[in-house]
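One structure coming up, written as structure tokens, with questions to follow.
Labels for the chains are A, B, C, D and E, by order of writing; each one numbers its residues from 1.
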Amino acid sequence: MSIWEYANPKKFMGWTGPVLTWTFILGGVSLAVGLVWGFFFTPDDFRQGSTVKIIYLHVPAALMAINAWIMMLVASLIWVVRRHHVSALAARAAAPVGMTMTLIALFTGAIWGQPMWGTYWAWDPRLTSFLILFLFYLGYIALWEAIEDPDTAADLTAVLCMVGSVFAILSRYAVLFWSQGLHQGASVMRAGAVAGDTQERVSNVFAVPLFISIAGFVLLFVALVLLRTRTEIRARRMRALEARMRRA
Amino acid sequence: MLQVRNLSCARGGVPVLNAVSFDVAAGQALILRGPNGVGKTTLLRTLAGVQPALDGTVDFPEEQGAYASHADGIKAALSVTENLVFWAEVYGGDLPDDILEKFDLTDLRDRPGGTLSAGQKRRLGLARLGVIGRKVLFLDEPTVSLDRFSVKLFADWLRGHLAAGGIAVIATHIDLGLDAPELDLTPYRAAPDAHGGSDEAFL
Amino acid sequence: MIALLLRDLRLAVRAGGGFGLGLAFFLIVVVLVPFGVGPDTALLSAIAPGIFWVASLLAALLSLDRIFALDFEDGSLTLLATSPLPFEGAALMKALAHWITTGLPLTVAAPALGFLLNLAPEAYVYLLLSLLLGTPALSMIGTFGAGLTVGLRRGGLLLSLLVLPLYVPTLIFGAEAVRRGADGLDPTGALMLLAGITVGGFALLPFATAAVLRINLR
Amino acid sequence: MIALLLRDLRLAVRAGGGFGLGLAFFLIVVVLVPFGVGPDTALLSAIAPGIFWVASLLAALLSLDRIFALDFEDGSLTLLATSPLPFEGAALMKALAHWITTGLPLTVAAPALGFLLNLAPEAYVYLLLSLLLGTPALSMIGTFGAGLTVGLRRGGLLLSLLVLPLYVPTLIFGAEAVRRGADGLDPTGALMLLAGITVGGFALLPFATAAVLRINLR
Amino acid sequence: MLQVRNLSCARGGVPVLNAVSFDVAAGQALILRGPNGVGKTTLLRTLAGVQPALDGTVDFPEEQGAYASHADGIKAALSVTENLVFWAEVYGGDLPDDILEKFDLTDLRDRPGGTLSAGQKRRLGLARLGVIGRKVLFLDEPTVSLDRFSVKLFADWLRGHLAAGGIAVIATHIDLGLDAPELDLTPYRAAPDAHGGSDEAFL
């Protein structure tokens, strides 16, 4: 049996039901553990004070915002190549979740910016790229909404997602060219993040809850996308039934 | 020679026609009949390759099909001649000398397309078919808005086209005075539970 | 393919103004900004490179939905799709026609308008160069967006929403080149990148445009 | 008349996004300006009032040609003209629908975007007030322009060309009100004038719009 | 009662018809005939008040005219019912209960206007006439794209409308099966030197 059979709508509905419940539970638990641990059981940072705790929301949301787009790109490619309806719907389902993640990253960043840089917003490359990413999400969702026929919508949004990805990378580069920023480098994701010994190193006390929180976000993202995909499948099923009833 | 085998097509994700098969030999025309909404336009669009078929095959000499839809594609700002010359160029040909007479457009040759009456516009739209030099024509209600004289004019041109080995598939509700077999599409209506609609996978 | 280009240019001219209108819009935006921002010359001269580029971008944007909308409504697009013309070529020609009617006149005229915003004298040549290299990309990207939204009723706004983020790199490099020129820095890097976007866009986007058009015609 | 307003709103919503799209465009212009002008916060904060107003104006502008174009193309406009509905009322309703779908969401959202351009905190309330008083005038004037250009093919650009000069007073007073607010001066005068333009526009322009529409339908 | 006296009309600044006079009594229809471009559409537009007459008078009960053009004014995003309800509201009336049956739209009631076939659209466009409750109808090729059954349906409706004291002036190229006098417009064609063209003053 090929793996693609799990992408048949009926099969998909079957196996995602239980998986969904468990991802929700697991995601919720790890998020709660990560956040509670992070907020209440870590010391304040010597430079940033208690505001550093926002990192437990900010970093996972920022990571998921990017990963959601990558997931949409993959799902779009699968739709274009293999024409599996579920993958198109998964891409559609992921977009609002990704956009919400982008918004969370932007808002937590802005709240954090006030104590750190003395301003809610600065035209820093990292922040700016997220703003552009937000616009890409917005356009992608608007295009889905604007097209009546679901297959046409899936095709067009898939092309938009591919072209958009190229331009998103270009924008990221352009933005770096345009302004040097205030924002922190990517130290969490660097190989030596936990064991490293640079000044910027995120010490163990912060890192462990952070990773738990990241895991929570990932699981929650998966759960939300599954949930929304299931909703989309049900909506399509309704549509198909209605069309059939009209013709009967 | 046009061969259609087991063609099924859908519109807006809903299957409309099921397993249509027919042959049209060179020099022949086929008239599509059927009540409004049965799927004549859908079938013609599928034959012409504007939309993909759900199932089945369409076979005719490569690069020989031409489609004429409800809309004529006439540019309001271009004159009648300019409109025709454009299509001639797109198809890499020249404007036949007698095309304007054949469609009674001689008096209108320099009028902008936008100032034509409904029937005059239609004549111009049909004249395009005489310009592009394609053999296999898919015509969707070509005589809408035409007066009796123009209908005859068009039927004459069509007879000439067929005599030269052309093929035409024509959807129409009125009588063109052509001596051609008719195909009523009503029996091919897709059953409500037909497979292949874009959403069938979800049921 | 040349026939299509010529037809589009002729239509643009016949419809009144063709070449002038994009330019006029550009002019108006450039004139409106001082009304909004106030008459402080130092301020205006600081923002001039950015405003010129934003204005070109908006001028390009405003005429985008006409690229395919008219041909779609009157049925020509379907007829073109079933014609022997390669559809990719048609997309390319449409982008070219759009550039000739908006990007080109604007490039030629922009330096003449520099004084309205007190553009630094050194920047004029870079304004010209950056627009020449960058506006074709605006037309090509815009044509892709127009192809995506053809057939949608509220195309105009949705089109802008889709296209503007795609315009960001062009805008950044374009304005950066002029700004560096005005500040006496070396703008070669930005100009090269601008040219790169244009070349890349023209190499790839006609295919994407033809694909989305075919989907929209279905 | 309410039927027409409701239909237009419903169409806007159905066509996907309705209320959101004008807003999205506004957001995008506000975001693009820093890309053009550069990331310097002091500079951005100085030009913020002007940019906000220019952006609202462009957002209004971009959706103008849809006000009548669709109804004209599908024949509804002729049918409306021969209906018992007073045509002036129809023009008014069209303007209102345009404002509800673009001006209103933009007014509500603009203050939330103020921080992107580092708008002075004191200016937020005046930004809101000036947009609330001024954007209806933009819609009404724009509706008149849309009526003027309705049957013309390259409507989009010509329309902008006609309408933008008419927008100048609204822009000046609107931006002035916000600028004075930001500088701690009294913006009442500018706000009054803005309100005056709106009231005057709504009193007179429906008649002018109905007249030009009738002529265009002939 | 519709009275037309010496009506002359122009299209695009060129006089098209000259001194057309006719009467249509309540309960009567008049069929306009004539080749493409003779001026049927122009005449109907003038009668309906969409464009001004060059000369002459048109007289019918105030606020009782309605015009149906080639274009149907159907909103693609609104459903069939919503389209009709809108027009009912504009004319300050209610949707008659049987209007959907009368035009065979019952099955299509919730379909968006944009997904109708050409003939279905036309039926919807004609149903508008049944909704607005006007007596004097000016109809421009109302049966374009309709199949035979729908043509009959429409003719039946029209007969009902006339029987209730209505009036209809109809331009058409095909036979509606109505028992109504015909008026051929060919003799009224404006001579090339007719007066009243918009630029006559400059000659």
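To be clear about the criterion, contacts are C-beta pairs under 8 Å (C-beta built on N, C-alpha and C of every residue); 3 or more make two chains touch, one makes a residue touch a chain.
The model shown is predicted, which means the values in this text are computed figures rather than measured ones.
The set of chains in contact with chain B as well as chain C comprises A. Graph distance from chain B to chain D, where chains that touch are one step apart, equals 2. Looking at A-B and A-C side by side, the one with more C-beta contacts is A-C.
Set against the Cα centre of chain B, the chain with the most distant centre is A.
Placing every chain at the mean of its C-alpha atoms, the farthest one from chain C is found to be E. Each chain gets one centre point, the mean of its Cα atoms, and the points for chain A and chain C are 32 Å apart.
Inter-chain spacing, taken between the CA centroids of chain A and chain D, is 35 Å.
Centre-to-centre separation between chain C and chain D, using Cα means, comes to 23 Å. Annotation for chain D: residues touching 2 or more other chains are 11, 15-17, 21, 24, 28, 35, 38, 73, 153.
The multi-chain contact residues of chain E, meaning those touching 2 or more other chains, are 70, 77, 115.
Chain contacts: chain A has residues 132, 135, 138-139, 142, 146-148, 178 touching two or more partner chains. Chain contact summary for the complex, chain C toward chain A: residues 144, 148-149, 152, 154, 158, 161-162, 164-166, 168-169, 172-173, 176, 189-190, 193, 197, 205, 208, 211-212, 215-216, 218. Residue ranges of chain D in contact with chain C, taken from their complex: 11-12, 15-18, 21-22, 24-25, 28-29, 32-33, 35-38, 43, 46-47, 49-51, 53-54, 57-58, 61-63, 65-66, 70, 73, 152-154, 156-158, 160-161, 164-165, 167-168, 171-172, 175, 179.
Chain contact summary for the complex, chain A toward chain B: residues 8-9, 85, 148-151, 233, 236-237, 239-241, 243-245, 247-248. Residues of chain D touching chain A in their complex: 15-17, 20-21, 24, 27-28, 31, 34-35, 38-39, 41, 44, 115-116, 118.
Chain contact summary for the complex, chain B toward chain A: residues 12-14, 190, 192-193, 197-203.
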